[in-house]
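Presented sequentially are two complexes of subunit A, the first with subunit B as partner and the second with subunit C.
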Partner chain A sequence: MSGEVILEIRGLNKHFGPTYANKNIDFTLRRGEVHGLIGENGSGKSTLLSQIAGLYRSDSGEMQVNGKTYDPHSPLDANAHGISMVMQELGVIGSLPTGVNVFLGRTGRFAKGGIVDLREMNRAAAAVFEKWGLNMPPLNKLTENMIIEDRKMIELARALSIDPEILLLDEVTQSLSLNNRRNLYDLIARYKDMNRSVIVITHDIEEMIRITDTITVLRDGEVVGQVNSAETDPDQIRMMMVGRRISGDYYRDDKTADCGGEAVLSVRDLSIPGELEDVSFDVHAGEILGFCGLSDAGIHSVGKAVFGLISGSGTVHFLPTDVNITSAPQALANHIGYIPKDRDREALMIHASIRDNSVLPSVNELRAAMGLLPPGKVSGMAESIRRRFSVKSTGIMQSMNALSGGNKQKVNLGRWLAKDLRLLILDCPTRGVDVGVKAAIYALMKEAKKNGIAMILISDELTEVLGMADRLLVMKDGRITKEIRRDEDFTEQSVIGVMI
Partner chain B sequence: MPTTANDSRTGRARGLKNWQFYLIFAGVIVLVLLLFHLISGGGFLEWSNIKGIISRSAYPSFIAWGFCFLFACGYTDMSIGGVVVLGSFASCIFGNWYGLPGVILGGLLVGLCLIFINFLIFTYSGIPSWIAGISLAMIYEALAFLLKISRSTKALISTSLAKEYRVLGQLPWCLILLLAGLVVVYYLYNRTTVGLNIRALGGNRDVAEKLGINVKKTLLCVGFISGILVGVACVLQQSYAGQTTVKTGLTSINMIFQPLAIYLLAQIIRERINIVICVPICAFILYSIFNLLTMLGVPSGTLQEACLGAFIILFGIIGSRRVKGVVK
Partner chain C sequence: MKNKRKLPKIRMSELVPFIAFIVLLAFFSIGTKGKMLSSYSLKMLVEQSILTIISGCGVLFVVAQGSIDLTVGVNVALSGVIAMHVAQSTGIGWLMVPAALLIGLLLGLLNGFIVSKCHVPSFTLSIAMLIGVRGIVNYIQTIIGVEYVPASMQFITSSGFRIAAFAVIAVVMAYLFEFTKIGRYSRAIGENETTARYVGVPVDRMKILVFALSGLTAGFGALFSMATVGGTTQTMGVFLEMKVAMSVFFGGVLVTGGSSAKFYKIILGALSITIIVYGLSLMGMSDSHISQSVEGGLLLLILFITLLTNRRQKARKEPDVPAAGETEQA
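Our next item is the complex of A and B:
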């Protein structure tokens, strides 16, 4: 890159108590540059973006924007310097409508005589969505019941509403389906064309190489290297991230569609108004059945419906026990597990301990006489999950919200795999986890497959379903539009052609 | 034009359009009132009876509006009953001394000051608001009791407000106050920066703070606004009842149950009708039910409260079915 330097960072430090989050960070961002930050969970990349965005004050070091000293004391201060950020886990205010969420903290600019002109604000919000080609949720609707993707779009619009010179994106794509990802890629390309700059964090290495100009790799809070995206490959990035070589392909390397085992689940004519229409499929023991589609395709509703969380017409027949699944407790009793997409809101008790989260799906099995839970058994099970799945933590009593995204997901997955499962539904299981955890999750899935567990893998990442599934069901507008077997034309091109 | 996200995933199965809902809602209320009229043997819709219901609805509506701000920012204040007792007391004392200005200023200032003090304590002490609120309720009850004892023994106080100063508790003044309150609270809650900031704070304090909302300043604004609303409620309570019953042993907390029920009912239909507008409507519905029960000879107190409880559960069931196809 040869553009003029817009952000210069020298010797930036940040520590939380005795732990260094960032150590002597040097970083340069140029005009018109898309710069990627990558590293394992806990490597300090989100902290660095938070320092740039004014969420954290730096302990020492210096930042300069356009050659002038820059030391933001708040996100609003950063905004005033033309910098805004979409955070990994910030969110929107559920009790306020979309339009207000876009301008929250800055609603005063629409006030006349103390009264906020909501129409004017909604017009301005609509203009932001329109300008950047983002999918716009209803502006007057409260955001509390919106799906994670819509909420992320609102956060993105909020960041763009200040028309920033530097846009910071912290794992935004992980929440988006393919079409919205494409919109985001277009947006980043437009930013580049406008000679503005973007710093991107994503755990998807291929995506990062594709959309960035430069990649800075962090490990344990330090910069370990910087590469030109056009001259690198995923293996080099992985090696820089973890300090050792990780095998080039952590997906399956076979081309066989192993779906000949005994059928475990039979779904027939499943319809849920507005979400699914006449969905029918079977899943077999030891099979990984993939689902993919665009954001409105209904893939996530399939997981919820199979686990009995939402219902409509049609049947979800669990064959080993000859039971029609209509509720989550019934699914649980029939050895079915479910890992939802929205980990923090739908899967985990985020303020409870690792122990409580680990044993939650297994309380029926652990229950002793008179319904009491023996503390020794409970702690033993939690400890065994923590060790078996290498959850980086201080112990089983550590609160879940103190863990990184990857370690939260290990607990989330581990507690199901510790059970005697017949069917596991995984909805975006590697969302927001780094390459090491991703590899571990895929290894666990392969092991579960070997053990005869049937799996439904729902994913917004096409490479993931193509890499892991035996069969792939492509969905569009709530219907299954195509089935592709692993031993057939199992390529991105063939799937995308059907999805769109 | 930007593409619009599929409404189905954001709770689209609303079924009815808003105007259809308003029409049905109004129709149901009219039908229910006619039914009440029939059940009561023809006395319910008499103007004198309706006037009584409206007058009775005014005071709890202001408290329920106060709850809108309190709950919106995530706080619970159990001392409001105690504040109302002290504020009504002040309204009575100053009213008898200085006439109508005394009624207004006495209740308003005591309500405002005490709720503001509560919020100073909630904001700066770090004690959970419901715990601090219970402690403050005990203090306010004790203060009211001591004040009443000391002034009674010195024969300085009349136990009831003089009749000529009770006009604000009667029609048309209580209705004028109610409508003025409705307009002011509606704009404050929905259309001002401070109202939106208060709601943001209750929605997610972390997000609000990161987006530059001054948390402490906003909380003190809640104290100020709720204080004024509770202050007006003190004035209306004194003007309607004309006397103050001093409560001890935390029984002042009972005084917030009816406004709380109004708030909960309003909360149920807030997706369709703005909660601020819902409050006086729900207050009218609630007191219509109490009125009918009284006309039918149902003893006030335990049995009427049992009916209130059943009514809230019924509304809750109807309300929770308002959005289909959404896993909540």
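Our next item is the complex of A and C:
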């Protein structure tokens, strides 16, 4: 890296109460550099970005931008210094449309006599999307009804609308499907060409190595090392992150397509207008069936349709009990489990306790005489899930939102695996969890496979599907376009070829 | 730490309703120079609370789901008036019981159906029902007038019977709410309806069910109301839905429902509200205008304190979370 230093951080500290989120961070960012920050959940990377973006004040230490002392007191102040951030948590206001969200807090400049000129603002917003090659959601649509991906695009446009010198991206790619990811990669490359700088946080190590120049690894709030992306490999980074070598069998290590069990689910000619077209497939006991495709390919709709949340023409036939699944309660009663993509909004009751979340799918099984849900059995079940899946928490009564993303996902997955399942649908099960939890989730999937549970793995991460699935169905525009078996040409190249 | 039966941590916001109750009781005991604590007053206090609790315990399920049912008052009036007329016109006294429950249940079912299948917000529906059904009740009453509990059913007017019946109904409803699937699913819907749906909870059916339950308890409320007064009145159930809603929220249940909904809260809330109303009249503020505005003011104050402590708690929670080093989330 030869560019001049644009951001210099020395001895930065941040603590919440007695706990340090950041300890003596030293960090240097140069012009034209794409710098990755990586570390397990709780290692302090988001906190560091938040400090740079003016969301948190630092307790001590110094930051310099272009050689001048920089101590932002708000995100707007950071913007004034040419720094803007796309946050990990979704930061759009649901009751406002796209255009307003792009210029949130800055609508004043479109005001004429106290009234905001919406047309002018929408034009400006459209220009931002256009300029950076981002897919634009409808400008007048309220964001609350949009999928995560569109909302993320809006946030990205908002960050770019100030034309920043330094762009901070906190876990943006994990919400995106492949085509939008590629747009983002292009955007990052353009930024580099313009001699501007980007700091990226992502849990996807392969991606991080591919798109960055330099990677700084954090652990427990401290910088443990910095590597040159061109000279490192995923194993080295993983080792730096956790401080020990992660055993080799992260994904599956076999190459056999084991679909030998009897068929559990048979989907025939499933069509849902605008989402799926003539989708037919079987899933067998002990098989992991992968689904991948671009953002509008319909892979997520497959999961919803199998769990009876959406319906159209065609049949979803569940063979062990010989019923056609038409509603979610029916799917639940037939030993089918579903892990939706948006964990905090669709899967968990975020303000309720671990106990209430843990037992929710098992209420029918817990029932005793006279409909009683014995409190002892309820707590016992929650406690056994908490222990068996080693959920880091103070107890079953702890509120869900006090847990880290990975631990939330352990509860989410554990509560289904604690049941007597025949089929489990996993939609992006490792979204936003760190390597440690990721490995744990893959291990659980392997165990479930051994126990004969059929699994449908829907994922935006190709490496994950390739690493875990026995068979892979590639989808495009709501149709299945190709089936690839694990023992065939099971590589990223062969899949991407048919995906696009 | 070894103590297994460690008491769960009590939150400040959970305590507010208890403190409010005790402060109110103390305040009016002093203000009435002890009259509030006489056995007669205490009995009145219990009896007046009973009607609110019975009519409102179904509403608790609705509120737990994050909806509201403000049709309790008119439902009590409608089912009461019709049930009494059935008993009077057939000459079969006991028919008033199944009649009241049936009418209450049917109106509840209708509410539930409209809310879940036609996606009308429960608040809007309640307001419409409140006006429409009251009109129907008034019309019926202009024709049949006021009627009295038939002689064969006079036993329900004894307070002993009413308290016993109350105890049975309250226990059953508390059981349903705290220890069965209905209660658990209802709280889940209030916490996050999408989550409930995505886990396989039959959300629409649960909505209809709790509105039906709320209608059924309104039917019980009608019977209790007539048992207390001795018959139907022109003002039957007037303002009752507000008393019920106040009791629920005063007791500390959040408008969004969910885990904050607990059965004891409606009992506590109803007692507090009754203390205010009864206490004010004991203190000689029988002028209903003054008493009503004082009532309103007190309510506002306590709801404000409840909200404030809730917000404080949240505010305190947020920065705590990264402290545990655990909030990096998706």
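FYI, the second predicted complex is superposed on the first by the 498 of 500 C-alpha atoms of A that agree within 3 Å, B and C clash if a C-alpha of one lies under 4 Å from a C-alpha of the other, contacts with A are read in each partner's own complex, and residues count from 1 in each chain.
By definition in this document, contacts are C-beta pairs under 8 Å (C-beta built on N, C-alpha and C of every residue); 3 or more make two chains touch, one makes a residue touch a chain.
Just so it is clear, the model here is predicted, and its values are computed rather than measured.
Peer 1: After the alignment on subunit A, I want to confirm one thing: do subunit B and subunit C clash, or do they fit together?
Peer 2: clash
Peer 1: Have a look at where A:338 lands relative to subunit B and subunit C in the superposition and call it first, second, both or neither.
Peer 2: A:338 contacts subunit C only, not subunit B.
Peer 1: For A:153, select first, second, both or neither according to whether it touches subunit B, subunit C, the two together, or no partner.
Peer 2: first
Peer 1: Taking the superposition on A as described, I'd like to know which of subunit B and subunit C A:309 touches: first, second, both or neither.
Peer 2: Both partners.
Peer 1: When the two structures are overlaid on chain A, which partner does A:356 contact: first (subunit B), second (subunit C), both, or neither?
Peer 2: second
Peer 1: Tell me which partner A:347 touches in the superposition: subunit B (first), subunit C (second), both or neither.
Peer 2: So A:347 only meets subunit C here.
Peer 1: Check whether subunit B or subunit C contacts more residues of subunit A in the superposed model.
Peer 2: Answer, by number of touched residues of subunit A: C.
Peer 1: Considering only touches as defined above, state whether A:296 meets subunit B (first), subunit C (second), both or neither.
Peer 2: So A:296 only meets subunit B here.
Peer 1: With the two structures fitted on A, what stretch of subunit C runs into subunit B, 76-84, 94-102, 130-138 or 184-192?
Peer 2: Superposition on chain A puts subunit B right on top of 130-138.
Peer 1: Please write out, lowest number first, the residues of subunit A touched by both subunit B and subunit C across the two complexes.
Peer 2: 309
Peer 1: How about subunit B: which of its residues touch subunit A in the complex?
Peer 2: For subunit B paired with subunit A, touching residues are 1-13, 72, 187, 190-193, 196-197, 199-200, 202-204, 206-208, 210-213, 271, 323-328.
Peer 1: Spell out the residues on subunit A that touch subunit B in their complex, using ranges where they run on.
Peer 2: That would be residues 55, 74-76, 87, 90-96, 100, 104-108, 111, 114-116, 118, 126, 129-130, 133-138, 141-142, 145-147, 149-150, 153, 158, 272-275, 295-296, 304, 309-310 of subunit A.
Peer 1: Mind listing the subunit C positions that touch subunit A in their complex?
Peer 2: Listed in rising order, the residues are 8-9, 175-176, 179-182, 184-185, 187-188, 191-192, 194-202, 205, 258-259, 317, 319-330.
Peer 1: Tell me, which parts of subunit A touch subunit C in their complex?
Peer 2: That would be residues 15-19, 21, 41-47, 88-89, 171, 174, 220-221, 307, 309, 327-329, 331-333, 338, 340, 343-353, 356, 359-361, 363-364, 367, 371-375, 392, 397, 399, 401-405, 407-408, 431-433 of subunit A.
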